Every structure is written in structure tokens, then in C-alpha cells.
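These notes open a run of structures that come right after.
Across the two complexes that follow, chain A remains constant while its partner is chain B and subsequently chain C.
Our next item is the complex of A and B:
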């Protein structure tokens, strides 16, 4: 065995797929999917979409069909073998698709094939010519370029003679290819193979696998392109989302470090904070973290950032994971920040959800989709700490979130609740590497009274004040008071910034000892 | 509109389909060998039972796809028992009257 393997020549890898003649593609209009397949499904060929029950096969297929009719002027045929035509319409309506309206406009033809075992008697030879004729008729009715067969496998439960059935299916796919319609065939996932009845034998140009996993009662849907003959494609499992706005796939690995650098400086909305940075604000397209204990005003800083963006005429998308948008708007009024007018003008948009509603992947997918729709200049994520789970998982999610934001050149503002114990855990170090500028907010006790201090932990690419400055929340907004705190630091600030600072100091001190011992 | 009788084949038929006890509807695709065999079989059955008792409609799917859609035909040849209800279907190699009688459960109606 070993010898034959070593005797084999290494397969020649076509290094640049772009040099080959590009396979013509039919876009599905499903966000993200066309990206990972470099254009969509193979044009004029059948593609297989398989997965277990409830994984969204039918919705994927329907979306492909409806998008074709509405976005690409490609009418389509839906041959459904499982659901009644009106049930299909009702299901589609839940996604906002108007199948009845589209079929009235001759953009979609629906034909329902019912295979009822109990009333069938079968003997010897038959052909599926009846089905062919119906498909042919439906295609001609709307001049279809696309067709969905959902789920053809229902024939297997109705027809006993599978030998004939298989031969006929082979003929069907050949015939569909000949007609040049781009077909999507759905099939149920089988044990040990992709589909229960081995449909992948017949439809092998493009095979897409959908999967749904439940982890800690949170559902995550994943999509994988198992095979795509003659085309490069993303090979990962991509999370995808089904909600009232249809299907979207999140092309995770499409993001990398090749972020576009956007020039310019943006104000944080707190001029006195901007003053602490020598460029007078934060870099556009960078990621900024406000972290601190509870009640330190993280949301207030984030909201000021958002309002400043809207004031400049930029669009801001605010992902709220803890408070409702109404609550944030109301609370900000107390410091004289009117967010409502920006919401009304359309420059500020809130997107609120509980972190536990979806898994991490789904949150990312949803954020991605929302950003695609809104094209924000600034994104607020408030707070990051709402996401709970293992450190590696959160870190991974954050990395992808930051990548996603950076690749769009979006200025990102995160807030994060930090407790003193957490400060030295691995968590913050992990986050730090992803963040360009880190603003620490702390509740301090100075000479017997509580006050708030702000400190710049880091700010990549610029010099910044190293002072801990006091800040106040006034009726006219946040204000950082210029100049360092008065008083002796070590006594004044036993909390976060100085806990770190004193650590550094004690770490620095023992340096002298080796020289002493050497003597 | 889908009741269009097949005019491609001569078959003894009653004037009023509704008058007979048994009504069968045969779907074929063009004039294939299997279609001809099915037609011949049904014709024999009709002769056996008598035209007053059984009537047969023949529909070519190629000519009337809408009828095929309405009756949900996918395989051909298919013969339906329309009357007496409930509707039953038989498809495949329709080559002997006995097979049709058994497959569509027409035995009770046979003298």
C-alpha cells in the first residue's frame, strides 16, 4: 500500500482558479451564499440541497426561486412533492414571499405532486413521462430559468420499483440540464450518506449541506458547500440565519486581516475625552472599548459616540444587548443627549436582542445582515460582556466580530463590564489584542468621596495622555476634567487603573535583586 | 376542460360517461407501445363487461398537461378508477384486464 502511495505523483493543483474559464453562475440572492460560492449555483445545472428535517432546505430553495423572480428577472417553477400548494404559499408568506402574487404575474409556477401510497397500485414498467410533461408545461408557462424540486425523494416512498425510478431520475436530471434550467433539488439527510436515497449520485455538480445544531438550548444553523464541480468555493461550515427577513449566510472566513484602512479621525462625542488623544479623537475604522464597573457610564460614553456620529451626518447602528432602545433613549435624556431625533432622522438605528436568544454564530450572522442593510459608519455593541461562555469561544466570536467590522471600515465601539477580579484574568488580555483603543472607566474613592476616573489603557498609533482624569455627567453631557487628579496616587486610586499600575511597579522593583545576588 | 376525450384512438364508448357504473380514466404519453398496450387492455375489459357498465376516457398527457396536473399524474401509463369512489390509481405495465380489475378493485362490480 505504502509503495503505491509513494509511487503516485502528486496531483497537480490548479493554482489560480481565475485563470480557468469561469463557470457561469446563477445568483441565489441569498446574502453570503453567493459570496462563498463566488457567484451562486452552477448555471443550467442541478444542485442538491440536503439536510435533516427542519434545517431550512425548503426555505433555501424557495428563497432562491423568489429572488430569481423578483431580483434577477428569472421566472421559476416550484414542483413540490410534500406540501400542498397553498401550504407552500403560507410557509413562504412567513418569510414575506408572495407566491400567489408572483404566480398571478406569471413569474412563478407552482405544481403540487402528491404521492399517496395508499391509493397506488403499481405493476411492472412505467415511466415518469407524466412528471416530465408537467414540468415542461410549467416551465413553458412562465418561461422559467429556475426550478425547484422539493422533495423529489417523496417519490421513493410512493413508488415500489426503485430501479425504474432511479433510471427515470437520471433521465430527468439529464433532461433538465438539456433544457438549461438551473435546478435546486432538496433531499433528506440519510444515515452514513448525504441523502437517504443517494440523490448525490445523480446531482453531483453542486451539493450543499444544511445542518442545525442545538447547544445549550440555543439553535445554530450551519451551511456547507460539500462539492462544487468546476468551481472554487469556501469549504467551511458557515452559520446561517432564518428569520422574518429570509435567509442570510455569514461568510466568516471571508474576513481577514486585509482590512481597508480608512483615514480620518472621529470624535467620541466628548470633546474633553478627545483632548486626551493627541490626534483629537479616535481613528476612523478602529475599534474602541469602554470598560469599567457597573454605573461607570459605559453606555453613556457609547451613546455620546453614537450621537456624535449622527451629528456628523454619519449612520450609526447600535446593537443593544442589555437595555431596550427606549430605555437607552430615555436615560440619555438625563444628560441632555437627545438620541430620539437621530432615530427619527434615520441616522441612528437600534437593534436590540437578548444575548441568549441566539448562539454566537447567529448573533454574528444577524449583525452582518443588519450591517448589510444599513451600511453604518459607526457600530456600537453594548455590552460585549452580555455574551457568556468559555473564554475561547467568546474570544473567537469577538475576533470575527472585529474582523467583520474592520473589513467594512466601520468604527466600532464596544462596552464591557469589568469586575476587579476579572481584570487579571485571561479574558481582558484576549480582548486587548483585538482592540485599538481602550478606555478604562473606574469608580474611585478620593478623599472620602466617590468620583469617576477615566484612563486610556491603550491607543494604537497615537500618543495619548497618561493621566487618570476625573469625569462628570452633567445635564449637558459628559465632561472630562482636564489635568490629573490631585493628591497622592497610591492612596487615591486603589481600584482598577492603579491596581495595574502598582503591579507594574512591584514587578519592576525585583529587577534590582539579581544584581544584588550576583555580588 | 380537462374532460377532453382522446380522439386519437377508436374505442367503444357510451354516450354519457356519467351513466355507467364504472368510469376509468387512462393517461398515456403519446403513442408509445405501452400506451397502445394499455388502451388495448382497457378496450378488452370494456368488451368483457359491456359498454353499458364501464366507460373509459383516454387522455394524452402531451396534449393536455393541465388535466395531468389536476389528476396529479406523474407516471404513465396510469389508469384511474374515477367511479365508483374513492379514486384509485394503477400505473405501469397495464397488459391484462385481470390486472386492472385487481389493481383498481373493480371485482365487486363484475357480474
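Our next item is the complex of A and C:
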């Protein structure tokens, strides 16, 4: 799929692509992008970055250039056709790029090429030597290895004689190749073709398409490698992210179901819950869902899980989508769970944001990046239900999230708010197929009293208790009460100390059925 | 052959020390390529015929002075830039289409061409 080769130019193809000498690549330093292209852009060749207005072409190109100068010791030239040098510098500054500083250090040369139709009169034959001379001069000034032409197509608006222009562009790209600079050419998306002026005709080594979609006022940016001659590449549309940390592309790795299996068992932090599973906990690297109505303690279970991880010396990343980290830390203190000390020790990190702030893709991209930075062993997503949208889209997001987590061998804990009505709706069934263990938390009404019951809906790969067990949240933590829930333990409220079986009230009531009724 | 030196060349007809000329033109060429040579011949001819005594023509070889190309926003070669009188105009090409050159210089095209 990836290697598009025309038959005549590929005499050395052999059967094993791994044996074949890899096309030399120039890393862009753009997170994720170098991954999906197996190393970056084709070295010494021009690549085309195209897309509609506002899709991030210029930023992509700028990031490539600045990273080259700062990370790879490859100076670069920016030929900008649309923005003046100082405008470019201002825009770049918003991403934290110091173009002026890099220019002063002779790491980047910027030349603004103004093309003003109204000034130009054509009389007779011409060529674009003026542009060539400028590019050549700029390249020599900084000894450039990289060049960005943004947006070369502006020439089409300034020059009428497109026959000459096209011939000259062809010559330009051949010349750039000859000089061995790795060029990025940006171009506007055209109707029915990749670019408005057919730039893809000239730049055929690598074509990247950027695209931005808005759905329910949430913007998602996507990137696709349309073509990469002589190299394999990911063919999906990858979401990418532009924020104060620059651009990052989220590779939805071809993880599929080929996750590596991580051995071992992890505790949920609630020993009495672990006891319900015959292996004494959850499988490391599996995904665990706590679902239940409001006030059933989903966050408490999740926090216990997080604290247990930190206790073991593992790193835990907590994605909080509903409560602020401070709030979670404070609330957990009420059950005697000190999260702050784990935050202080650096083992527990919170990443809080409102789900509606970004599109799903963005969330995935951010989560991916956070995980890249922190390398957690355990990830908490609290709650999943904060994501709203069409079922298929949420399902898709979850699937990728789960894949993302599993491919890293991370133990994932999700919480999800469910109302009783939707307990068995399509949504939950969709989730069920993605997760390995599902712990159901329910408000139960037993003998006229509200109490809480926990039960394992499923736990892949292990036998587990089928009982509905009562659990209590006390000042000393969460505790699941052993044995089948029979309605004996009435004092399931946080303020009341743990109940003894010999409670006075129990006597007053007749014993109920061995399992609780659920309504 | 006339653009050996990168230095500005004053074409004939410039009034000596008589203040600023009415027309200030700068021709950007690329060495002595046929197109550059032709453009220089053409612009000289046009100036002599239409602007005699009122113009100053400077020639810049961007191969010799590449930074000038950037400063003057040159893309194509050859290019004549009409600096004075305003507004600024760029005439690109070998200047073989005289009428277009004249129009860009705000001069009346001559019906019968120029020779």
C-alpha cells in the first residue's frame, strides 16, 4: 500500500522490504509525524503539504523548520509569500518559536517574497531567476539543509504566463533536489484536486494532506500522508493538535488487537474487592470499568486504584474530566485516602480538562502526549461519561483510547456514570466489548434502606465472585464487605463505623433472599 | 556586454548634475544571458526614443549582488523596476513587447512601433 513505485525507477526492489535500504529521512521533530512516516520527510527532496485555509500548513512547515534549527542542527530557510517576515515571527512566537533569535544566530533565514499583481507587467520572455537567486542567497547565508516555501502558489496570482511559470517551477524543484535541501512546499487545497494549481504534479515524492473538520462547534484537525514514494507510511487520517506546545500528531498505532500481554496482577487498592477475583486483583495492562449511578463512589474506587499504584511505586496518570484535581484530592481525604503525598512524590499526576473543550481527536492526542511525557503504569479516565456525542463516535474514541492504552501495556481504569434505565442500553454493550473487567456499583434498596452494592459484571480470563457485595465508605477507606450481600449490614453510611453482624437492628428484620434485588 | 561591472550604469541622455531625473528605472539582469542582454538593448532603445534626457537607468546584476534581488523584491528576470515616477511598476521579461513596456511606463504607445 505504502510504496508507490513506478516500475521503471525501481530496479532494486527485493522481496523483503526490511532488507531494502531505507530511504534516507529528515526528521521533522513533530511528535507522531516522524512515527507514521517511519522517520520523517524524504531527505533532500521536496514534500508537499496541502490543505484548506486555516488547517495549519504554515505552522506545520514552521515547526519543521524551527525543529531543524533547534533540535537537529540543520539550519533552514523560510521563503514566505503571504506573510511578511515580522508577521511570521509574531505568529511563530505564539508557538514559542523565536524566529528573530534564530535569524540572529544564523540558524534561520527568512525572505518575504512579495507578489503584487497590480505592479507587474509582462513583456516578453522571462524566467524566475530572481527567485532562484534569492533562495540561493538565503541558503548560503545560513548553510541551510531545510527550506520552506510558503505558499509558492502565490506566484500564480502574480504572473499571467503560466506556461513559463510551470516550466520554472519544475526547474525549481529539480534544482532544490540537486542542492540536496529538504524542502516543504505548502499549497492551498483545490476543488477536485489536491491543490489549486496542481502543485502535486511537481512535488511527487511526498504529499501530506491537512484537513480541519468542525463538528458541534468542536474543531478536529487531521493529517494524512497521501503519498510517500519509496517508503511505507501510515495511511490513516491522524488527528493532530496545535497548541502552545506546537504541533503533535497522534498516531493511532496499528496496535489493533496485537497488544503485548503484560503479566502480573495489580491490586485495586480495595483488598476486599480484590478478593472477589480469584487471582486477587486485576490483570496488569487490562482495562477496568467502574460504572454506576451518581454517588456510588466511582471516583473513590478509581482514586483507591491510583493510590495503590503509587503505593507500589508505579506511576499513575489521572485524567479528570469532571472534577478539578484539588477537589478530588480533598474529597478523598474524607475517606482517609491521601493522594496529595503521591502527587508530591511525583508518582501521581493529574491532567484535568473539560471534555467539551476539545474534540475527541484532540483529547486522544493530548492523552497520548501526556502519556509520552509521563510513561504511566496506570491511567485513570474519570469519567468516560463526560464525553458526549453520537454513540458511534464515542465508541470509536473509546476503542482508540483503549488501543492506545493497551499498546503501551498500561493498566486503565475508567469510570462511567450510568442511570438505571440505560444500564443495558446499546452504549454499555459497546463499551463492554472493549473492556476486560467491569465492576458495577449500584444503589440498592433493601428492606426500605438505601445501600450500596458492588458486583462484577465481567472479568475476562479469571473466575470471580458472582455475589453482589455490599461496600461501605468509611473514614478509613473503602471496604467491600465479605460474603454475599444479605441485607444484614445496614449501616453502610460513611458516618457510621463499620457494622458488626450482631447489630440490634438486624434482629428486627427478617432475613431476605440471599442476593439483593436490583431495580 | 555592457553590464560587466555590477556598479550602476548611467545610460546616455542623463542630464548631468541637473537634479533628479523624471524617470528612474532599474534593470535587474542575470549576468549576460541572451535574455538579459536583449532586455538591456530594448530598454535603452525605448528610453532613448521616448524619454531622451529625462531618465536615469541603472543596471543591477543579481548574480553579482544577490542581496539586491531580495531588497528590490525581484522574482523574475529580467525585470525593470520603475522607481520614479510613482507608482512603482515592475516590467518583467526581455521587454520585446514595446507597447506593454510603454504602458507600464505611463507613456503613450506608438501606433507604428519603434524603428
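Everything that follows uses one rule, which is that the second predicted complex is superposed on the first by the 461 of 519 C-alpha atoms of A that agree within 3 Å, B and C clash if a C-alpha of one lies under 4 Å from a C-alpha of the other, contacts with A are read in each partner's own complex, and residues count from 1 in each chain.
Assume a residue touches a chain if its C-beta (ideal position, glycine included) is under 8 Å from a C-beta of that chain, and two chains touch if they have at least 3 such contacts.
Bear in mind the structure is a predicted one, so any value in this text is a computation, not a measurement.
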item: Combined model on chain A: chain C and chain B, fit or clash; value: clash
item: First, second, both or neither for A:23, with chain B first and chain C second; value: neither
item: Which superposed partner A:176 touches (first chain B, second chain C, both, neither); value: neither
item: Touching partner for A:131 - first (chain B), second (chain C), both, neither; value: both
item: Footprint overlap on chain A, where chain B in one structure and chain C in the other make contact; value: 111, 113-115, 119-131, 133-134, 136-137, 155, 159
item: Chain C partner contacts - residues on chain A that touch it in the complex; value: 111, 113-115, 119-131, 133-134, 136-138, 155, 158-159
item: Residue ranges of chain C in contact with chain A within the complex; value: 28, 30, 35, 38-39, 42, 62-63, 66-67, 69-70, 73-79, 87-98, 100-101, 103-104
item: Contacting residues of chain A [partner chain B, same complex]; value: 111-115, 119-131, 133-134, 136-137, 155, 159, 161
item: Chain A-facing residues of chain B, complex; value: 27, 29, 34, 61-62, 65-66, 68-69, 72-78, 86-95, 99, 103-104
